[in-house]
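Heads up, the next two complexes both have chain A, just with different partners, chain B and then chain C.
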Partner chain A sequence: MTRLTLTFLLASSVAVTPLMAATANNADGATVEYRKQWHSDILTGYQNLATQGQTLASQAASYCQTPSPEGFEQSKQAWLEAFLAWQQVRFVDFGPVEHRNRAWQFQFWPDPKNLVARKASYLLKEGAPITPEKISESGVAVQGFPMAEYLLYDQAFNGSDSALPADHTCKLLVEVTRHIADNGQSLANDWKGFQANYLGSDQYTDTTIRSAMAGLEILEERRLATPMGLRGNGKRSVYSADAWRSETSLAAMGASVQGLKQSFLPAFSELLAERKQPDLAEQIAQQFDEVLANFPELERPMAPLLADDSAYKLLQSLYIDITQLTSLVNDRAAVELGVVRGFNSSDGD
Partner chain B sequence: MHELTRRSLIKTALAGSAAITLSGCTLLPRKATGHSPQQYTGALGLPDNHFAVGAIAPDGTMLWQSPVDTRCHSGCNRPDTAQVVFFERRPGWAFYVFNSESGERLHRIEAAEGEHFVGHGVFSPDGRFLYAPANRYEPGEGIVAVYDSQRGYQRAHTFELNGIGAHQITMHPDGQTLIVGLGGILTHPDYDRIKLNLPTMKPALLMMDRLSGDVPARFQPSHHQLSTRHVDVAPDGTVYAAYQYQGPAHELRPLVARYRNGRYEEIDFGEAIHRELGNYIASIVAHPESDLVAIASPIGGTALIFNGHSGEVVGKASLPDCAGVEALVGGDFLVSSGRGKLVRMGKNKAATGVASMSVRWDHHLV
Partner chain C sequence: MKTLFRPAPLALTVAALMSAGCANTTSPDAADSQPATKASVVEHYADVAHAGYEDALITAKALNKATDRLISDPTEANMKAAKEAWLAARVPYQQTEVFRFGNAIVDDWEGQLNAWPLDEGLIDYVQADDYQYELGNAGATANIIGSNSINVGGETLDVTNLTPELLANLNEIGGSEANVATGYHAIEFLLWGQDLQGFEAGNGERPVTDYATGADCTNGSCERRGEYLDAVTDLLVSDLEWMAAQWAPNASDNYRSQLMNADANEGVQKMLFGMGSLSLGELAGERMKVALEANSYEDEHDCFSDNTHNSHYYNGQGIQNVYTGDYRRVDGSLVSGPSLSDLVAQANPELDARLNAQLEASMDALGMMKAKAESSQNPMQFDMMIAPGNAKGASIVNGAIMALVEQTGSIEQAARQLGLEALSPDDAGHAF
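After this line comes the complex of A and B, so read on.
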C-alpha cells in the first residue's frame, strides 16, 4: 500500500514542467519583457566595465611613461575600480562572455598552483618582447585582473628587482591592462549584438536565472565558505579567496552582490510578481539589502578577520546573510519558477 | 521472457566460448553479462557532500554503497566476474575496482604520470583488458590506456587516438572493435575545466582495433563544435554517438548520430524536441533487446526514447537533472537524475517513478 502511494507521488513529480517548456507552451515570447530589462541592465554593467577598463589601461600607460609613487597609487586605484566593475557582472556566465573564455580571461581563478606568479616570472625572465600578440597567446592566467594585481600588489614581487616601474614589468602591465580594456569593450559591443538572439529565445530566461544562482553559489561556497574554513580541509586560509594580493576579496563580494541587485534583481522581481510571488520578491529584495548592509564596513582585508576569533564573527555574519539570500533565490524562487541548477546540469561532462 | 529464464540462458552462454558469450550479449542487457543479474551501478554525490559508488536493483533498492575519495563519473562491468570498475570524474586521477556483489573495494589504480582518465572505460569480451580513454595532458593528446586485470591492473598498452578529448568508449558486438567518442575539447588540469580550443575543435567518432590500436574509421560531425562524447552500439552493430554542442545556446544542432551499413548520419528530432534537449546529451544507450535508443539531457531536464532506425521519438519525460540511462530487461529503460530520482521509461507509455533517494546520481549507470 505504502509502496503504491510512493510510486504515484513519484510519477506525478516526474511530470513537473520546467520553465522553458512552460513558456514554449504559452504565447510566444512570454518572458521577452524580462529579458529586455535584463539585457539593458547587464549592458549598463558591461559598459561600466569597458569604461573602467579603459581608464585602467590609460592610467597604467601614463604611469609607465612617467613613473611616480602617486602614479603607482593611482594605478592601483584604477585597477580596483575596474576589478569591482567586473565583479558586478561576473555572474553572467552565458552569451558573449563565453566567447574565447572571456570570463576566464578577465579573472583566472581559482589558481591553486599559483600560475599567475609562475607565468609572470616566466614572461619577465624570458626577455622576449611583451607584445599584444604575446599576451594573446600566453593563456588566461596572463590576460586579466589577477596578473595586473600581481604586478601591482604582490609583496614579494614588489620587493624584487623586477618590481614596477622596471621596464619589462611596465611593458607587461601596460599590455595586460590593454588586453583587459579591449576585452571589456568587445564584450559590451558583443552584448549589444547579442540582443536579438537573447530576446528571441525564451530559454535565455532560464539561463539568466541560472547564472545568478550559480553566481550566488560560487560566492557563498567558493569565495566565502572555503577561505573561512567551512569547506574542504576545514582550515581558514585567505589564499583560498580571490583577490587576496590586493586584500579586496570582501570588497569584491560586496560588488558582486551589488551587481546582482542592479543587473539581475529588477527583472527577476517583476517575473516573481507576475508568477504570483510578490512577497517572495520583496523578501529577496530585503535580503539583498541585508547583505549589502555589511558594507562598506567589511571592505577591508580578509586575512586579519580569519586570524582573530572575535573579528571572524564579522565574516560569520556576512556568511549567514549570504546563505539566506542564496537560499531564497536558489531554493525558494527557483522552485517556484521551475528552474533547476543540478548536480549534472551545472557542470557536465 | 522471464528473468529467471534469462539468467539460466546467460549462465549457459557464459559457460561456452567467447563467441557464444558475445551472441549472448546480443540477446540480453549487458547488465546480465556479469555475474550479478540485473544490477545497476552509478557514481553518487551524498547528502554530506562526500562521494560514493553505489549499486541498485531494478526496483531501486540500494544494494551497496562504497565511499570514494572524489566524485566519480562512469565505469564498466568486468565480464564473467563480479567486478565493476568506476573512474574518477575528469580530470580523473584514479579508477576503482569493486566487488559488484558486496561493494568491497578491491583496487584503486592511479593514472600514469602525465595522464588523467576521463570517466569511462570498457573491458575486452574475455574480461581481461580494461580500455580506458585518457588525456596525456601536457601535449593534450587523447589516448586509450590499456590495463591487464589479470596482472593486478598493470598497464599493458597505450593506443594513440590522434585527437583531443577522448571520452566514452564501448565494445562493438564483434568483440574486436572499440568505439570511441572523441570530444575534441582541449583541457588541462591546471586550468580547471576551461575549454582551451573551442574555435579549432576536431571531434570525431572513432573505430579502433582493440589489439593493434589501429583506427580504420573516423567520422566527423556536421559542425566542429559538436563535441562527440558519448557512444553506444546496438546488437546489430549500429553505432550511436551523442553530442554536446559548444556553440551559442540559441543555435540548435543535431545531437545524435548513427553509423550503420557504412553510412554516418545525424538524426533530426525536430526543433521542439531539440529545444528540450538544451544542446546537451549526457547518456545514450541502445537497448539490447530492441531497436530503441534512450538519451537523457540534464540541461534540458528531458529524457527520451527513439526508434533507432527511423529516429522517431516514442517516449519522452521531463525529469530535472536527468543523466544516467540503462536498459531494463523486458524492453524499458531506467533513467537516473541528479536529484535522486530513478524513473522507468518505455515505448508509448508514461514514465513511472521507481525510487526517490537522497543521493545525487552522476552522469551514467552501468
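After this line comes the complex of A and C, so read on.
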C-alpha cells in the first residue's frame, strides 16, 4: 500500500537532465515559453478549484443554518463540483501544493484502514468544540474532500444519530469545507507568487513533465487497475478506488484526464512539435480524446461494473485507452525528450 | 543519451555499461587485497545478506524456544522472556529489509514473515469497538483461534489443526492483504495483544493467562492459542532457514549463485535500488510520513509492542550496511569487505564522503528517535510522537524523514556515477 500523492521530487533537484542539456546551447531559458503557458494553464485550474471550494463552503454553511433536503442535495452537488475541480489539477505534485502537504490535505488517499471514519467518530464523540484550529491540528485525514464526502455520503453514517444535519456534524462539515476553501484560495495565490521561480528555472520543465507522467501512472495503476483487480492480489474491490462513497471514482478519473488535457497538453504539444515530433504530439492529442470519449457514459458508479462481467468490459476499454495514453506520454514522449524518473514515493510496497 | 525507459512497474535500465563485462566471481581472499570491483562488491553484498539472514535465523530459533517455554509453562517470567526474544529477533531482521527491494526472491517471500498492517481479528479475539480493519475485508473478524472452522466471504474452512502449512495458506485469505496469519507481527500480537492505548503511553496488555490451562484460561481457547503460537514460530524458523540457504556461499543452485553469474551491474543496481527504495518510498514515506501526517497509529509499524522506533532504526542501519559493506553481527563480530563506498570513492571521492555523511546523519536522526522512545524519563514512543499537536514529536519524526530524503538524492547520484541510469521503481521480478 502506497500513497503516491506523496512526492519528494528528488530527481528534479539533483539531476542535470538531457532536456536541460539539450537546451543549454540555446539562448537562456529556451523552455521558458512553455513554462509560461503551463503556469497560466495550471493557474486557471487552481483558480477554478478556489472558486468551487468557496461555493462548497458557502453552500455547506447555508445548509447547516437552515437544513432542508434540497440544501443537502445542493451541498452534495457543490462537493462534487469542487472535488472534480481538484481532480483536474491533482497531477501537479510540485511547487506550492507541496507546502504543508496540501495535496494530502485536499485528498488523503488511499485510506484502506478507514481512517476517515475513525477520525470522524473520534471528533464527534469527543464533544470538543470544532474550530478551525481543531481542524488544522487533526491531521490530513480530517482536512479534505474525503472527510466531507464521508459526512455527506456514507451510508452507515447517514443512518446514525450523528447524520447531518446533527449539530456537531454540521459544525464539522462547515469547518472542513472552510478548510478546503481556504486551502484552494492559498494555493491559487501561492501559485501566482511562484511564477518567477517557476519561469526562472529550466529544471521545472522536466518537473512538470514528470508530474504529468506520475499523474497518468497513478491513474492507470492505482486508481483503475487496482480496483479492477489487475494489480496486487487480483481481487476486484471498489474500496481500492477513491471516492467510492460518492460513487464518483470514474467521474473523477475523467476529470483528471480532462485537467491534463487543459493544463498540461497545450504547452507539451508545442514542446514536442519544436523537438521535431509533431506526429507524436498529434497522436497524444488524439489519444486524450479517445480516453475522454468514454465519458460521460462512464460517469457512473464503479461497484456495479466490477460486479458484472459484461459491464466490466466498459472498464476494460477505458483501461486500454488510458494505458495507450500513458504509454505515449511516459514511454515515447519522455524518451524523445530524455525525461527520466528517479526514486519516488511509490517505490515501497 | 536516450534511455529506453518505462516508468513503474518496469525494470531498472542500464544506460551505459561502464564496467567491462560480466561478473567473474572472485574469492573473498583475492578481493581483500585488490581494489574493489563491481564483482567483488556484489559478492560481499551477498556475504552481508547471508550473515544477516543467519542472524535472523539464530534469533528466531531463540524466540521459538522462548515461546515453547511460555506455552508449556505460562508464567509472567516466561512471557517477559518471550517478548524479549521477539525484540531481539527484530534487530537483525529489520537490517535485512534493504534486500527486499530489487531482489524478487526476497520480496516474494517476505510477506509471510513481515506483512503489516494486519487485521488481527483474523487471528484472535479483539475488542470490537476499538478495532478498525481494512475496508471490505471479509476475514477481519474471523478469529481462527476461537473456532475450528472459519467463514471468509462465504467460504468455510476447517482450521482444526493449526499447522505451519495451514497458517501459511491462510495469508491473504479472501484476497485481502491485511489478512496476515503468520510472521513477526502475528507473533507480536500473540505476545502483546491489541494496543488499545491510542496515542497514550503503553502498548498491548495481553495477560499471560491467555496461555493458561483449565479454569485459569482467560479469553477462551488458550490451548489453541498455544498451538497457534507454536506453529507460527516454527514457520518463522523454517522460512528463515530457507532464505539463509539462498544466500549461502559455495552452492550451485541457490539465489546467490544466480546473482554471481549475472552481470555485476545488475547486482550493483539491486544494491542501490534497495537502498533508495527503502530510504524514500518505504521508510520515510509509508512508515513515517503517512503515520505522522494523518496522525495514524494504525500506520505504526510495530504497533502491538511499541517497538516501532527500533524497526525504523534498524531499517536505516541496513541501508548503511549495504553502502559501507560493514555489518555488526548479533554475536558482536564485524563483517566487512569491498563496498559500494569503495566503488564510489574511486570515481568521485566527494560524493562518497557526502553520502557517507548523510547515512551517518540519518542514523543520528533515527538514533534520536530511538533514544527518546527508550528514555528512562518521560519516554516518548513513536505512537506518541505522531499524536495531533505534538510539535516536539513531529520534529523528531520529520528530522528522520528529511535525512532519509537527502541521502536518497545522493544514492541516485551514486547510481549515475557508477553508470546506472534510471533507478525506476517496482523492479521486482524483472531482473532474473
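Keep this in mind: the second predicted complex is superposed on the first by the 321 of 349 C-alpha atoms of A that agree within 3 Å, B and C clash if a C-alpha of one lies under 4 Å from a C-alpha of the other, contacts with A are read in each partner's own complex, and residues count from 1 in each chain.
By definition in this document, contacts are C-beta pairs under 8 Å (C-beta built on N, C-alpha and C of every residue); 3 or more make two chains touch, one makes a residue touch a chain.
No experiment lies behind these values; they were computed from the predicted model shown.
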*After lining up the shared chain so the two structures overlap, which partner does A:Pro304 touch, if you call chain B first and chain C second: first, second, both or neither?*
neither
*Touching A:Thr207 in the superposition: chain B (first), chain C (second), both, neither?*
first
*Could you look at A:Val340 and tell me whether it touches chain B, chain C, both or neither (first, second, both, neither)?*
both
_For A:Asp331, using the defined touch cut-off, is the partner it touches chain B, chain C, both, or neither? Pick first, second, both or neither._
second
*Could you look at A:Lys113 and tell me whether it touches chain B, chain C, both or neither (first, second, both, neither)?*
both
*State whether A:Asn197 touches chain B only (first), chain C only (second), both chains, or neither.*
first
_Output check: A:Asn101 vs chain B and chain C. Expected answer is one of first, second, both, neither. What do you get?_
both
*Given the touch rule stated above, what does A:Pro132 touch, chain B (first), chain C (second), both, or neither?*
neither
*Considering only touches as defined above, state whether A:Lys235 meets chain B (first), chain C (second), both or neither.*
second
*Overlap the chain B and chain C contact sets on chain A and report the shared residues.*
6, 10-11, 13-15, 18, 101, 104, 108, 113, 115, 139-141, 340, 342-345, 347-349
*For chain A, which residues count as touching chain C in their complex?*
1-3, 6, 8, 10-11, 13-15, 18, 101, 104, 108, 112-115, 117-118, 137-141, 213-214, 217, 221, 232-235, 237-239, 330-331, 334-336, 338, 340-349
*asked:* List the residues on chain A that touch chain B in their complex, please.
replied: 6-7, 9-11, 13-18, 20-21, 24, 94-95, 98, 100-101, 104, 108, 110, 113, 115, 139-141, 197-198, 200-201, 203-204, 207, 340, 342-345, 347-349
*In the complex formed with chain A, which residues of chain C make contact?*
1-9, 100-101, 107, 117, 132-136, 172, 174-178, 276-282, 284-286, 289-290, 293-296, 298-299, 388-389, 405, 408-413, 416, 421-426
_Contact footprint of chain A on chain B as seen in their complex_ = 45, 73, 89-90, 118-119, 167, 190-196, 198-199, 229, 244, 248-250, 272, 275-276, 278, 280, 282, 298-301, 317-323, 337-339, 341, 343, 350-356, 360-363
